[in-house]
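Here is the structure we will look at.
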């Protein structure tokens, strides 16, 4: 939840839970002092909670949300999120995500791998995941997106991962999944936004390369940042070395961002994230 | 404050402040699930607070502390802490601390630099800080410590920094300043506790060296850790290179630990710290 | 190659290659000053090289090696190394290695996954790699090792990866593969050598955890270190969080070590490595 | 030295030294494969060297340099470099440099601290370094620069440090000291070049901030990079926190760059550096 900061907010919210016999498992709050915004994430147990599960949203909005003009979301941990994976040719993030999925590290379903290339169809088959190929060209982009959006709706997809997907999505597509599309960009943004970041990093002679995972917005590579990390490089590294070293960064950074999203620990406000880790 | 975890603790404490018109500036809480310990740090404004400054401790203990068998401390931000600096021959931490002090980065007083060598007397003079030399040998250790403790008491010292002080303090001395003596050790503890960590790191062929700042306890280099950081090294680095690279780590790690202590953001429980950064 | 340092070594070696029309692709040298040991790695093209491929070793030893009492090795880049993977229950390193193998990141063959558990047999099948299960108990260890060593010999295995293999190999086994068995240990060695490093890291309250990849020697967790890395943690992290965060470290650190080994860029001398990256 | 790569270069150069009884202390070479440029740094002892100290440059150019159209420099370790420090209001880099100077970490002379503010005059006095104040305004910039350049020439200054100096130097000034002016910029370049990088980092919501030290060229914040480092931040950090955390980065990054420069281990080619660490 987030709203304008006021005296007594924490007290009010924790009282609400306490009075209804909700045992708080985790509580994090943050006040953005510059703008005076209050952020809070609270996780509590439903055993013995006095309000019925399907009434919580209504009661909370009535008693607290509406009064403080809050924006808030309610999620239940027994819901298994459904994730769609968009990929092109690079496979390191795809492999990393599938590995975590199959080893049971994440509690998710992956009903679709979607690609503009056929090359990872066999890999999808190896892991028994339906693979959807869309041939995309200059002229059919709008039509293909419509098909993809229908597929996502049919499959009841909750969120999307662009695991080095090299197509730019339309604003319409993006706005249908606000803070629900996670991208990995192979630079420490805002440096080297756009194409060929490793080539440009090499040309500039930087001593550090990075990777950034962010929610996708209509501005290319400019959405709210979830996770960033870097690795040191030297003059010895060719562009190919940067690509190789960068791959490890990208997959780890993307997977950490997905984990944060799955835990519902990322709150977004004005293109910035509050991450309660 | 910390105590055994119970339902309603946050609600109780925030209500207490809210009812007395205390505006919360910062609140952090943590529940150590394994042992079921509740930790909280709350900072609020005294303007309009209904309880008089000199009554807060008493009222809080009566109303909340005693009831929950809490351990808690109350600090006021207008109190300027008085720090004593213990040094031997190495000067990099000493310089770093003095630089922060004189540039106004920290709000502290340094009424004493205490050393078993005379070599930094001139530096102390450059910064107008009283320098106390104690000649320490095998036979006079107990006597010298008694003199030092009297000096610290006379100067109303609140906490002590061992800025690469190469003498081992007695248990009696240490126990007089519980969680008030901060040391810097030149390794990532628990590796290379004790003497000559850089030599041993070189011999072992590690690829990373570190520094650790911790509260001093009767067990050598085994107190609660406040801060650690590392730097990568390679086979090219001689022991002298490790010493050189390590100096930068040590001074930054120690100064971060001091900053955390000054902010009262380090809570100690069973040889571990909770750091509310 | 390595030998005692002497004036003119680089000149002698580079002359040898130059006179035989060998074009140097990469040259790295290092002098360990404390002991006066000269290390060098040189990579050159065989096109037009005046000495026949199968005579190089003989000629080099005669002309240079024997004269300087060098220890040296000769490797050809067209040889595809054969790697055996030893695993137990943890799968994150296994997945990471298989992903790199199948995506073509490494030029290797994996003729065997060897395990004391059956649980990853299906995964091996997914990737069409022969899986060898050995039931190990207190009494049959020597016998099983004999069978494993025969298998490795039959499969012409060049080097072994212990990808979180939880069995201790005998000295006899280890000595059969000097600097050819790579292990990953889930701590920044020498801290927390042996069992349950994450539990001990949690107990000690460290602010950093690490992973170390090293060549296996008869001393447990004490062989020459190839690669180390760390990640920051906080009081919020439970043992389970350390395990989760550590997994990402472990797989990346192990894979970097394997890459270094594959490039023949790790030289070993007296339990320390020289890594020419 | 650097030149176009050719077969036999290392052999030729090391032979030259060997034949003249020069004992090589350190040798580093790098071939930039994309452009085919050969870089080398070699350090040797002059004891018993057959060529007189003041003839080395001439003989080397005649025998090797001219033949390969090399760019090269010759430096002697017994020359103590003379450094000028330019500062404005921020003092953390200034303190760090003075501390290293006075503790004997660097073998340099500092004949001048130059500033457009008077506020660090007292600090300069504390360390007995001549302080030169220049009142700079819109109209007198060219005149002041002429005075500064005369001062630098009179004091026989070898290289300049811009230790958070907030004035932009003219192209004429910069071109008089090619690869001899070292700046520290408070971001990981190329992100946030120009003014107020911490404010912009905060606005963008990055999870990492950095600092970059580079040789100054006519393009603002775009010269060859010597050193970069980063530190993780979170949503909890205000702009003031970024400034505070960034200060530690800046001073360490700048001091590492100065050390590299002092060791003559930075070679520049086409706006990129080769750093032989």
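Should a chain be cited, it is by its letter among A, B, C and D, assigned in written order, with residues numbered from 1 in that chain.
Keep this in mind: a residue touches a chain if its C-beta (ideal position, glycine included) is under 8 Å from a C-beta of that chain, and two chains touch if they have at least 3 such contacts.
Remember, it's a predicted structure, so these values are computed and weren't measured experimentally.
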Averaging each chain's C-alpha atoms to get its centre, pick out the one most distant from chain D. A
Note: of the two pairs B-C and A-B, more contacts are counted for B-C
For the copies chain A and chain D, the interface residues, called same if over half of the numbers are used by both and different if under half, are same
Euclidean distance of C-alpha centroids - chain C vs chain D, Å: 38
In whole angstrom, what separates the CA-based centres of chain A and chain B? 38
Identify all positions of chain D at which a residue touches two or more other chains, and write them in rising order. 236
Over in the complex, which chain A residues touch chain C? Could you list them? 91-92, 95-96, 99, 102-103, 105, 123, 126-127, 236, 244, 247-248, 252, 255-256, 277
Counting only contacts in the complex, chain B reaches chain C at residues 30, 32-34, 188-192, 204-208, 210, 224-230, 234-236, 238-239, 271-275
Contact footprint of chain B on chain A as seen in their complex: 7-8, 10-11, 14-15, 17-18, 21, 23-24, 26-27, 29, 31, 232
